[in-house]
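Some notes on the structure that comes next.
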Amino acid sequence: MSHAALSSRILLTVQGGLSSVLKPAGPVAGQELKIIAGSLILTMIVVVPVIVLFGFILWRYRDKQDNPARYDPEWSESKVLEIAWWGIPIVIIGILGAYTAKVTYALTRPPVTDVKPMTIDVTSLDWKWLFEYPDQGVATVNELVIPVGVPVAFDLTADGPMNSFWIPSLGGQEYAMPGMVMRLWLEASRPGVYYGHAANFTGQQFAGMQFKVVATSRAAFSEWVRQLKQVDHPLTVTLYSQLRQPSEIGVQLYSSYPRDLFAEVVWREGGQYMVDSMPSLGSTHVSVSPVMVNAMNQ
Amino acid sequence: MASVVSNLRTPEYRSAYQALKITGFWVFLATDMLLFGCLFATYLVLRTHTDGGPTPIQIFDIPGFTLETFFLLTSSFTGGIATWAMRSGRQKQTVSWMLVTMMFGLAFILLEATEFAHDVTVGATIGRSAFLSAFFTLVGTHGSHVSIGLVWMFLTMLQVLKHGITPQTARKVFVVNLYWHFLDVVWVFIFTVVYLSGVVLS
Amino acid sequence: MPAWFRDFADHYLMWNEGYLIWISDILILLVSLGIVFTLTYLKKWKWLWKEWLTTVDHKKIGIMYLICALLMFFRGGVDALLLRTQLALPGEHFLSAEHYDQIFTTHGTIMILFMAMPFMFALFNVAVPLQIGARDVAFPYLNALSFWLFFFGALLFNLSFVFGGSPDAGWTSYPPLTENAFDPGPGENFYLLGIQISGIGSIATGINFLVTILKMRAPGMTLMKMPLFSWSVLASCIIIIFAFPALAVALGLLMMDRLFGAHFFTMYHGGDPMMFVNLFWVWGHPEVYIVVLPAYGVYSEVIATFARKRIFGYTSMVISLMLIAVISYFVWAHHFFTMGAGADVNTFFAIATMAVGIPTGVKAFNWLFTMFRGRIQFKLPMLWALAAIPAFAIGGATGVMLATAPGDYQYHNSYFLVAHFHQMLIGAVVFGYLAGMYYWWPKMFGFKLDERLGKIAFWLFNIGFYVGFMPMYFLGLNGMQRRMYTYPSDMGWGTLNFVATIGAYLMGLGFLFIVAQVLYSIRYGERDITGDAWDGRTLEWSIPSPAPAYNFAVIPTIHDRDAWWELKQRGEADAYKTRREDVHDIHMPKPSGRPFLAGVGFFFAGMGFVFEWRWLAVLGLLGVVACLISRALDDEEEYEMKADDIIETEAKLGRLI
């Protein structure tokens, strides 16, 4: 089956892809929506009374003749009120702060632990996204295909200006920077076509850095990989150097790619200065070097 | 406002108008401290980023920076003597001690200039690596501050020569020496964080 | 047309880039010619030099800042309308990608650095010395220098659109995008130099007003009796002093990368772009508190005055100002939660960011309870202050939402963020500055601004503000990123974008009404005869409008908070009138042309650095040095104003008893 036919079978609803933060399609986006909702409710505890009080006060204490309301021009202190409006926000922030800490740490770990995760190496280029699948040995540009229900570790870097990798329906974003690898965990919990876009300005054709995310069943995903491997279109070093040229090129598919390409790109741009001897708890930084990759490949 | 604040205070503070300028200068020093703080932070982050080029221990010359330190610290001491002479009302001594201070300061600058020139000849330029960019910028910014201080001190000296010790010249002598002491403190940090750490911790 | 001229026009004047450049060129030419012609026809060149270009009087400096701020408001607003026009419909080509990028960059830079800062400095200058009973600021010469550095820095920056090309990498200017490898040419250099020059002036103003407030208050005015606006200025200056040097370093190091081949933030040779991001935001976050605290100060003054009631919780208000100033230093990383600092760092900054909302919320409650059991007058300054309360309540709430790092992973760089910061910058900052402008306008010029036209402007601007920015929260939650020059038609973003554009145009219309209001009021505005246009509470209302050059003929002695109000309540308003025997000769600061000339020197130096014309850079800097040396050797900083002259002026103003 041709690739085009395969992907048109998976194509759903809107061509551009679903993109709402309010309609999560995965556990990471789900957790993030929960804290968004929670923070909204907690802040409304303060904001709503302020606005109601504001409206009431404007109406009642207008300077018009025979206003029966009390006029107390010197009344300007109240211990009780001060305790209330320092105290209640402190409690609210305390609650929100604790909840934020919990979720922030949780998001640095895979969303589920009972399914074997996979890795995708992401490189931001001018003005396209390169996706390398180390576990599968294939690569694509501007089109991401992932299996549903599998946590994916996106390892992000840039071979160009600082960028940000964002698939709103699946979860929040993380920066892709030259000389560094940052890890972002995402997972799709139902099949669909989702909108992905660069989220940190990288120059003139930044607006064109859209990519399509296709989440499909594990079986369909394996089938897609198998078919892609049979196409004779390897990503060579020469082709990669063409990718580095500023351009918009649409979707590209590669049956294979040089295994240490990603690590070498990172190392060349300063990865050597970023090797963690002791990564901190809750770190999202990944140490990468060609030496390590070569060792892995042996 | 030439109102006398107190005859018990030192000359530079006796006029409220002049005392105000001293206060303003202290606040300015706070901003300069922040400036150097940011340059130090940048140096600390980038000092291992040598890009296969010259490393600290390869280019820092121990006798050289020790002598620079001696010159600068001594000049700060002689500047203090100049301030004391100003407070004692001794015009000639104020001028001569300021001259001595400037000589030591000039020696520091000349030594630093030769240090930088030598670095360039061995390929350690500002454009070679992030470490070198940070080094030259931090130490160079301090050196520019010192150079400006030399010109400033010279102009102050001229005014003491012309007008003697007045409330205004007293304040000027005090402020330029305050600036000079500040640069001395910054140098102590440079000596420790840049040079000493560079040759010891490599 | 000779070939060399055509090359010059294409390269520097960008005449091949479309009609927007042409229109700007024509407008600039017409306005410049108009100014030159008017000054010549009215024979006012000498007047301009004597009264304005060489002044060291804080009142005049304040007026100059205000005029420039309003002009920059216009330019930044036009930028905004261009952007919104481009985004009104998906797939538009009204602006090319390159122009769109330049315009959002100049819009942001101008609004924050060349509109908000000068507007704020205008209010500092116009109000603070009068509020604390001083004759001028601590360092009047430095004050003038600050203004001219701002003026020439802003001029340099503004020139870029028609000469050389504007910066196009966003007002945050992140490397490595802003390194020569990705952004060659003068555009980004205009950004670096324009802001750097202006920033020196800002630091100087911070020092100036800090010392002024600490050292030059009238006798009897302890800090706890000082008006809250002056307290807010004090807090703001503390932040300026500790934040602006970080910006100077960030910009300076990037300039070294671009002009001298250094490798601080480059992709290769060991550069670290994250270092710029940190340095920039170490300044950038305190900066927003620098601009918002004086706005809070204005609200405190205006609400107390127009509710005819003492400000509620004065001590609490002072503590919250200082807490905000301190905590604002510990939150900068919330601008890049998504840069991967790790959960430790992100959690710390998230909680600190939420914490800074607490003292801010306290202020809102204190304002509300100031009005509670007061008598609220809906005059223009009060309208703007009132409008700020719901705007900044909502904006503050979304700020706390953004502070939750995991939430921010979704909001960051989306239109949710754009909506939040505009809500705070417009709803809290600009509304406050407009309130301050209306409030102190009679003190500056001796007449009030027309209420009716002002009310129309107020409603247009406010409605436009909500119509323009509330949809953006939802655009962000629908996945729309910022800084995109266009967007696809199948994302469902078209309607909200169109609505936002309508809001922007309403705001533009509101601004035009403000301009009309000013022009109308110059002729027909109600004259302020007493000096106490609003039955005010603080010292500045005890002297005539406009204030005489020396401000106070006799420095008053203060006994209470809201000193002027207390005196009026006790029927002792005459205590602040002038008695002949109390007037003495005074020393006033001498005017000087050096600040202006130093500014010119910096302008040419900046131009030299922008285009890498080394000779011009050196020449300009030598000019600056010449001014410094001339100043150092100058013995006469002051002149004497005779008591008789002061008595005569006071008599003419009807203040002698």
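Letters A, B and C name the chains as they come in the text, with residue numbers starting at 1 for each one.
The criterion applied here is as follows: a contact is a pair of C-beta atoms (placed from the backbone, for glycine too) under 8 Å apart; a residue touches a chain by one contact, two chains touch by 3 or more.
These are the chains along with the protein names UniProt gives them: A = Quinol oxidase subunit 2; B = Cytochrome c oxidase subunit III; C = Cytochrome c oxidase subunit 1.
What you see is a predicted model, and the numbers here were worked out from it, not measured in a lab.
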Determine, using the mean of C-alpha atoms as each chain's centre, which chain is farthest from chain A.
-> B
Of B-C and A-B, the pair with more C-beta contacts is B-C
Computed distance of Cα centres, chain C from chain B, in Å | 34
Rounded Å distance, chain A centre to chain B centre (Cα mean) = 48
Among chain B residues, those touching two or more other chains are 49
Which positions in chain C touch two or more other chains at once?
-> 268, 270-272
Could you check chain A for residues that touch two or more other chains and list them?
-> 270, 273
Chain B partner contacts - residues on chain C that touch it in the complex | 138-139, 142, 203, 206-208, 210-211, 214-216, 241-242, 244-246, 248-250, 253, 256-257, 260-264, 266, 268-272, 275, 279, 282, 587, 629, 632-633, 635
Sort out for me which residues of chain C touch chain A in the complex.
-> 97-98, 101, 168-170, 174-177, 182-183, 267-268, 270-274, 307-314, 316, 336, 338-340, 342-344, 346-347, 350-351, 354-355, 357-358, 361-362, 364-365, 368-378, 386, 389-390, 393-394, 396-398, 400-401, 403-410, 412-414, 476-479, 481-488, 490-492
Touching residues (chain side chain A, partner chain B) in the complex = 270, 273
So, in the complex, the side of chain B touching chain C is made of residues 1-2, 17, 20-21, 23-24, 27-28, 30-32, 34-35, 37-39, 41-42, 45-46, 49-51, 126-134, 137, 151-152, 155-156, 158-159, 163, 168
Within the complex, chain A is touched by chain B residues 48-49
